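Working notes, structure below.
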Amino acid sequence: MNGNATAASGSFAGAIAWSVSRDLRLALRHPDETLLTVAFFALVASLFPLAIGPEPQLLARIGPGIIWVAALLAAFLALPSLFAGDYADGTLEQMVLSPHPSFGWALGKALGHWLVTGLPLVILSPLIGLQFGLPPDALLVQALSLALGTPLLSLLGGACAALSLGARGGGTLLAVLALPLFVPVLIFGSGATEAQATGIPPEAHLSLLAAGLLLALVAVPFAIVAALKIAVD
Amino acid sequence: MSFPEAQPPALLEAVSLSCRRGPVRLFHGLTLTAAGGEAVCLRGPNGSGKTTLLRCLAGLTRLDAGEVRWSGRPITDEDCAFRESLAFVGHLPAVKDDLTAEENLDFALKLRGVHVTDGQRRAALEQVGLGRRLTLPARRLSAGQRRRVGLARLALDPARLWLLDEPLTALDDEGQQLFRDLLAAHLSSGGVCVAATHHPLAPAGGHAREVWLA
Amino acid sequence: MNWFYYASPATFYGLAGRLAPYFFLLAAVLTGWGLYLGMLVAPTDAQQGEVYRVIYIHVPAAWMSMFLYFIMACYGALTLIFNTRLSGMMARAIAPTGAMFTFIALWTGAFWGKPTWGAYWVWDARLTSELVLLFLYFGFIALANAFEDPRRGDRAAALLAVIGVVNLPIIYFSVKWWNTLHQGASVSFKGTSMHVTMFTAMLVMSAAAWMYAIAVTLVRVRSIILERERRAQWVREAVKA
């Protein structure tokens, strides 16, 4: 029986493919959760005009910031469950003991989170931007800043979710850990659209976001793995 | 000791392991070796540290002192060679409720870096008695049937080292027999098995060395 | 010298107990001297008037908030790499003092900002990053206490501390990198733009803050050691004695 199978071997690509394909399949079994995230995003962003009043100039002025805050909260929503399921059913132990490079599956988990929560927000953001009366070029910059910023949120948030795994006060603790780390992303993300709206080229903000994303892509998966190893210890 | 020249070289060596959990000292200076074809059974009352020892051998739990060696080399944090030869079955089944038995087996093997054909996978599930439940979400499987998904994984996994935590739990008589057959095949092909268990674990036509933890 | 001898909680408990009073004494003397220099001897600032004297609290507190975080992260790295027990306890003992200094730096800054900028708080890079530092301290304390097993709390919090180190250069260089309302540093490696007495007073106050931080950390780590090792024989003997 044992002779049938080839020897086990790990690979970086195998690790990413495993994480992403499994998490996407799990998400497809419950598409309503992704839809809820998107609905939450739209709802939070729509609350502000209702509270502040429908004055077009004011809304166009604060729109970028509001959309970013709403996106940040929506991305945070799915974080507590990012590793909780794998931790509870024992899959996490198998991941840590897998012959695949741990960097790969950790990156894959963050990527999966982004595909399920971040990407829909990027796609939806121009629609919400129209609600706030943003001009077309600002809508584009907005979507671009979200496309660069939300993967960063998934990575940083993933590290915090891994740290708070199995801790008391789960969700609240996670908020205290993750939201301060989200602050720079928020500043540069909303700064890009705001710069565009006031006639300053947004490239500086966008390149800072891109630099942060590249740095996080190579560094944060290690932190996620270290935190998960502490969790299964 | 009566046939020193007949001793095969030890594949798994654990040398003077010590581990404390909080204020409790679970084991101290524990040494354990196992050669190819050998099964070691960790026995002891609840809370004696069987599971912890097993997790230390796998490299999951940090040791306070001591060293675990596989094929003569100490295992380290990023030791892919060791992990390629390790199949670990914890007391949690690592089965996702939302996936079917077949998908669960597929992802479990992919995570182990093992490539098998669809036919081999189905055959293994049939062998463990899940042939008619391939497409059922795992939430509809009983605890014993989930364990059987794990057995199918062991059957297809070429790992030389099995570390098993209570492998007989929740299995009925037929399931236990299935496991013993798998174990016998694993040992006869030169594999090593260390299992924490409350029941004696003698495979068909063999015997398991027992290590007692106090 | 055998460092591992003092890395044992039992021996460090005694050492910390013997050293703490001296550090408290030093802290008190230096604070008295520094306040005397700063409040009475140092001249009035030509531009800002008497208000500037808050600098003798504000700047040492801000320095300490960053130094202590860095030291805490170093202990965190020790915990993660060598799995030493004392380093985790030291990091826990430092965190509340670091949070306090961060809080003081923010508050004294607000009192200074009102007369000079016309606002208690402005959202510039220096203030925002210092506020993030305060939340990092809070996160550290919350995470360290969120687990049943204190060793696991040590390790998780240590990792958070190490990750958060990224924030320190941002705080320090924020006044250079961004055009902020917050004034640039008055003291640098190339010299100072200040009057000699002002500078001396500030250094004395910083030394006082150091001594206080060390003293309080030693006292706090003693109670953490006692709590953690309460089942050990030496603790029972120490408590009885």
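The letters A, B and C name the chains in turn, as written, and every chain counts its residues from 1.
By definition in this document, contacts are C-beta pairs under 8 Å (C-beta built on N, C-alpha and C of every residue); 3 or more make two chains touch, one makes a residue touch a chain.
If you're wondering where the values come from, they're calculated on a predicted model, not measured in any experiment.
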Worksheet entry | Nearest-to-centre chain - CA centroid comparison | A
Worksheet entry | Reference chain A; chain at largest CA-centroid distance | B
Worksheet item: A-C or B-C: which has the larger count of contacting C-beta pairs?
Response: A-C
Practice prompt. Could you tell me the distance, in whole angstrom, between the mean C-alpha positions of chain A and chain B?
Written response: 36
Practice prompt. Report, in whole Å, the distance between the mean C-alpha point of chain A and the mean C-alpha point of chain C.
Written response: 33
Practice prompt. Let me have the rounded angstrom distance from the C-alpha centre of chain B over to the C-alpha centre of chain C, please.
Written response: 49
Worksheet, complete the sentence: Multi-chain contacts in chain A, i.e. residues touching at least two other chains, fall at 233
Response to the item:
Expected list for chain B, residues touching two or more other chains, is 62
Fill in: Residue ranges of chain B touching chain C (in the complex, touch as defined)
21-23, 62
Fill in: chain C-touching residues of chain A, taken from the complex the two chains share
159, 163-164, 166-169, 173, 176-177, 179-181, 183-184, 187, 223, 226-227, 230-231, 233
Worksheet item: Within the complex, which stretch of chain A touches chain B?
Response: 1-11, 14, 17-18, 22, 25-26, 29-30, 85, 88-91, 93-102, 105, 229, 232-233
Worksheet item: Within the complex, which stretch of chain C touches chain B?
Response: 83, 149-151, 230-232
Worksheet entry | Interface residues, chain C side, partner chain A - complex | 80, 128, 132, 135-136, 138-139, 142-143, 146-147, 152, 155-156, 159-160, 163, 170
